[in-house]
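Each of the next two complexes has chain A plus one more chain, namely chain B in the first and chain C in the second.
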Partner chain A sequence: MKRTVGQLMARTALRVPLFLWTVAVLYPIFWMFLGSFKTNAEIYSNPWGLPETFNFQNYVMAWTDYNISTSVFNSLIVTVLGAILCLILAIPTAYAIERIKFKGSHVLFTLYISAMMIPMVLAWIPLFFLLAQLNLLDNLVGLAVVYALSQLPFTIFVLTSFISTIPKSLEESAAIDGMSPYGILWKIVTPLTMSGIITVTIMNTIQFWNEYFMALIFLQSEGNYTLALAIDYISNEAQYTNAWGTLFASLVIAIIPVIILYAIFQRRITKGMTEGAIKG
Partner chain B sequence: MDITEAKTNHKKIATYLSIFPGAGQFYNRQFIKGSVFLFLTIIFMSAFWDIIDIGLWGIVTLGEIPMEDHSIFLLVQGIIALLVIAIGITIYVINLVDAYRNGKRRDLGFEKNSIRQQYQNLIDTGFPYLMLSPGFFLLIFVVIFPILFVILLSFTNYSISNSPPAKLVDWVGFDNYIDIFKMDTWRHTFFNVFKWTIIWTFAATTLQIAVGIFLAVLVNQKELKFKKMIRTIFILPWAVPAFVSILVFAGMFNNTFGTINNDILAFLGIGPISWMTDPFWTKFALIMIQSWLGFPFIFVMVTGVLQSIPNELYEAAQVDGASMWQKFKNITFPIVMYATAPIMITQYTFNFNNFNVIFLFNGGDPAVVGQNGAGATDILISWIYKLTLEVGQYGKAAAITMMLSLVVITVAIWQFRRTKSFQEEDMM
Partner chain C sequence: MVQNKKQKYIFLAFCLIPTFVMFSIFTLYPLFSGLYFSFYEWSGSSQSREFVGLNNYIKLFKDEIIPATIWHDYFLVVTKVIGIMILALFIAVALTQLKIKEAPFYRIIFFFPNIMSVVVIGILWMFIYNPSLGLVNSGLEIIGLEKWTKPWLGDEKWALPSLVLPSIWAGIGLFMLLLMGGIANISKSTYEAARIDGANEWQQFWHVTLPLIWPQIKISILYIVITTLNGSFIIVQVMTGGGPNNSTHVMGSYLYQQAFKQYNFGYGATIGVMILVVSLITVLLLQFLLRRDKVEY
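The block that comes next holds the complex of A and B.
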């Protein structure tokens, strides 16, 4: 009898931290969701009660008055363009590095790995001047190019590990049948790496969608603001206008696409992340 | 065969001729290749001559007439000129090597390749290079260019009070570095910021790793129910964009209407804490927030490792009468650490440069009197950002960036070597 009591206590003791941490994780997220439906008065007086009426006023305000609609569109352009460009550059490079032994392939791989370790922060100011020189400042395409390149080493890194799992015999037999290396890359390797391509693209997409600082530095006019910039703008305004509800509403708008992506691809993302990480 | 070897010395002649690009290839009777090299040279010269000319002049002088010459853009052009020259030299060397090789083939009496073969050759051996060059070329501009720029900038006196177009920037040698260590306010600020950067890195990272491992082990208990749901919840902080959660936290920790003071602490009977204005509590809050933001990654990774540990190990320990703690200490922890150590180290370097949390939560504030542009919670990277974009001390900021890079690169090299030896062990 005594033993079971002891076991019971141990069991509860082990579950308490889990429970507390679950609360800690959900608390800020709920707080934000609730806040997005409340008026300012409610946020101040009764932060935890359910909103008296679920009013969507905050969302309407965010969407129209604060131009979140334009920003969503801008973010979409930058994200899609960046992700595609990154793949176009990364797939051939990853294949060449992984499969073709040529002079300098090892050096190059090391170079890409080291590029991965250089914090992008160091590049912000130099890139600002470079983009200014190239007339790409305050330009969504310019930002997309920078995004794509900033994730290029990581993308190559992940893709090489996926390509390395394709059996070499497939490529060899295709080569014997007279297929050119370009054909092999396009018709055999790319389709077989598809799962890796999807994984890394989802990760890049989320990364680009969430990126804030490069957008802050490289974009200037309000019409070009990405979602993160627009929200930061509202957040700064909120200190004076007290538009906290609007801020929460726009935060929710920003989260929803990401949460949907996660919900659909959760297994793939965690798998890709851990595989890449543990192998690396 | 002896005769041909004595008679011809095509490789030498071809190489010498190729000092004028393409000529050696013509001599080797590879007319298409020769024309390509010649064509490339002409294009290169005509397209880049001005850039190289202005760029080299610019990088040496940084401009001569105020209002007309913009030193910083001249510096940019200078670096571009250097990169263009490097690419040009590479093509030139390829041209020489090619002439030499084909000359040698002729010396040895091989037939020259037919145009078709040449084409096939170019396509096949050139394949990896063709695949690599677009990405690599662009990478030069995003990685190599910024590095060169920061290095060079750290040797100039570029600052908001000495900035183009009104004034010219000059080379000042090591002055920026010397100032940081010699001038009291700079030295004082540098060491304060550096100290907090180190504390921040170790405290925040160690905590997030500890939380991640702890929770992964708890969730991995066999008899626990709702595992899937708990795992999904624990990954949420990872799914929410970091800038969103940090802004939400900034609201929650708000001194006046924040829920931490008004609800949680009030519920526990603790008076309000000035999270945003008291340096100690701001630092405390930052470390807590980072553990919230950073643990899911560790959690997911460790869960993966835990699931791969064979059950027999624990059963054997059970037979030997090992306690839960002993099992963790002697089986779980070593295996987890062995599998994930390299990643754990990257977490430290990540937090060392974790600009987002510091800057978005409270902008490095509260402010501290007598510190050059740095607030109480600024880490090196956010201080550099402020020095550049708010205070306008560009030269100094570049010098500090160089010192920071030194730390990061040292750790990166060390870690890379470790990872390599790890992988080699695995191979055996």
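The block that comes next holds the complex of A and C.
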């Protein structure tokens, strides 16, 4: 009896830090949402409390005066293009590495995988000039290409492990029925790998939507700013304009798609990320 | 059969070559080109490129800011490893061993910051540290420690330590899950045996849980070290831009400043080579230090 009381106490005591960390994680996020509905005067007089009234003025300001609408559009283009291009490049290579016997397949795989560990900062300087030569600097398509290639090793890595779980017999019987290897790749293997494709694409999407530093280097004109750059810009300006409410509203706009994806695909995202870390 | 073999090679080429060409152009070529750039002095325009041999490297060794940036990177590495590992380990053990009903709820909440944009995290925490509006200073005032309030990110001594908290805040979830995965793989009978031998919960943690999840701990530490050395400059760039007075510059943010703000592209590339060398050496050393025979009971 004594022991169970002791255990109960211990259990309660251990819940306190868990509860505190929950508050530490959630409060700043809630507070960001609340701040987006406050007037500037309220942010100064009552920075940590509830807003008196919920007004959407900050969102209107962000969307129109601060061109967040353009940035959302730019971010969407880069994210979608990057994710699609990454898949187009990764699926055939992942399939060939996993299923076709050829000399150097292991070397090729290792080469792609080791690119995940190399600090890419070094490559960004030459990449800057390369993009300039290709007329892809300050260009959303150029950024999408860079994004796609930045996630290519990870995508190949995830897809090879998914393809390895497909039974070979399906491909073999399709080949006996006279299907070409191209048909097998696109009509048999790709649909069967869909679960892996979805997982990796969601992760790439979040990555590209959130990305900041490459956009900072490879985009220049305000009309091309992605959401991360636009927010950074508003944040730097806010020191002079005090447009804190607008800043909060744009942060909320940036985070909502991520929250939605997380709500729907929580299991896939956590599984994909932990496995990526373990093997990488 | 010959036809077949030819077809196989065409298919193989179709699968591998376009991807590899793109990978070579946008990843391999820039990496090696960066190495090459480090022997030039170059301000960006095509005429001004000049071969300077090892001059950039000599400059690197004489640059007083360089040792500071390396030290700042390692400061972040060490504090993040300690902070994240202790908290993640505690949370992972608490959520798996205590049979708390709401454990999935905690897991979902704690992981979320891992997929937030660094920009959002950075700006959120700039507010938390804001001298007049921020949570930290107002919190200190409430508990009567007004003396301790300071402009956290504007203070040369405190700016760098202030960057640790957001990094830990944003990083814990992933490592919590990694460690929970390790703990879930330990069989119940091992704990049973330990209990019969009279080990209390604390002893079980030290002698059963910890040795058996050593592989996950090792992976977590390596992963934190690699991602910090290769990516700490992003949060630095968002929150302080390297200031005040270079007190928070890490290697990557200094590269950005040299190359893309002051147009010393050659010198920037030299810093890039240094980042590559430093992170490779660190990872190899760590792998050596953390090696330990796999424990099985």
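In this text, the second predicted complex is superposed on the first by the 268 of 280 C-alpha atoms of A that agree within 3 Å, B and C clash if a C-alpha of one lies under 4 Å from a C-alpha of the other, contacts with A are read in each partner's own complex, and residues count from 1 in each chain.
Methods note: contacts are C-beta pairs under 8 Å (C-beta built on N, C-alpha and C of every residue); 3 or more make two chains touch, one makes a residue touch a chain.
The model shown is predicted, which means the values in this text are computed figures rather than measured ones.
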When chain B and chain C are modelled together on chain A, clash or fit: clash
Contacts of A:61 with chain B and chain C, given as first, second, both or neither: neither
Which of chain B and chain C A:192 touches, first, second, both or neither: neither
Touching partner for A:255 - first (chain B), second (chain C), both, neither: both
Which of chain B and chain C A:133 touches, first, second, both or neither: first
Which superposed partner A:113 touches (first chain B, second chain C, both, neither): first
First, second, both or neither for A:77, with chain B first and chain C second: neither
Stretch in clash, chain B with chain C, out of 2-10, 74-82, 236-244 or 416-424: 236-244
Shared contact residues on chain A - chain B and chain C: 10-11, 14-15, 17-18, 21-22, 24-26, 28-29, 32, 43-44, 47-48, 89-90, 92-93, 95-96, 100, 102, 108, 112, 115, 117-119, 121-127, 129-130, 145-146, 149, 152, 181-182, 185, 206, 209-210, 212-213, 217, 228, 231-232, 235, 247, 251, 254-255, 258-259, 262, 266, 270, 273-274, 277-278, 280
Sites on chain A touched by chain C in the complex: 10-11, 14-15, 17-18, 21-22, 24-26, 28-29, 32, 43-44, 47-48, 89-90, 92-93, 95-96, 100, 102, 108, 112, 115, 117-130, 145-146, 149, 152, 181-182, 185, 206, 209-213, 216-217, 228, 231-232, 235, 247, 251, 254-255, 258-259, 262, 266, 269-270, 273-274, 277-278, 280
Complex contacts: residues of chain A adjacent to chain B: 10-11, 14-15, 17-18, 21-22, 24-26, 28-29, 31-32, 35, 43-44, 47-48, 89-90, 92-93, 95-97, 100, 102, 105, 108, 110, 112-115, 117-119, 121-127, 129-130, 132-133, 145-146, 149-150, 152-153, 156, 180-182, 185, 206, 209-210, 212-213, 217, 228, 231-232, 235, 244, 247, 251, 254-255, 258-259, 262, 266, 270, 273-274, 277-278, 280
Chain A-facing residues of chain C, complex: 7-8, 11-12, 14-16, 18-20, 22-23, 25-27, 29-31, 33-35, 37, 44, 87, 90-91, 94-95, 98, 100, 106-120, 123-126, 128, 133-135, 138, 169, 172, 174, 177-178, 181, 201, 216, 219-220, 223, 226, 229-230, 233-234, 237-238, 252, 255-256, 259-260, 265, 268-269, 272-273, 275-276, 279, 283
In the complex with chain A, residue positions of chain B that touch it: 72-73, 75-77, 80, 123-125, 127-129, 131-132, 134-136, 138-139, 141-143, 145-147, 149-150, 153, 211, 214-215, 218-219, 221, 223-224, 230, 232-237, 239-245, 247-252, 257, 259, 262-263, 292, 297, 300-301, 304-305, 324, 339-340, 342-343, 349, 353, 355-356, 359-360, 381, 384-385, 388-389, 394, 397, 401, 404-405, 408-409, 412, 416, 419
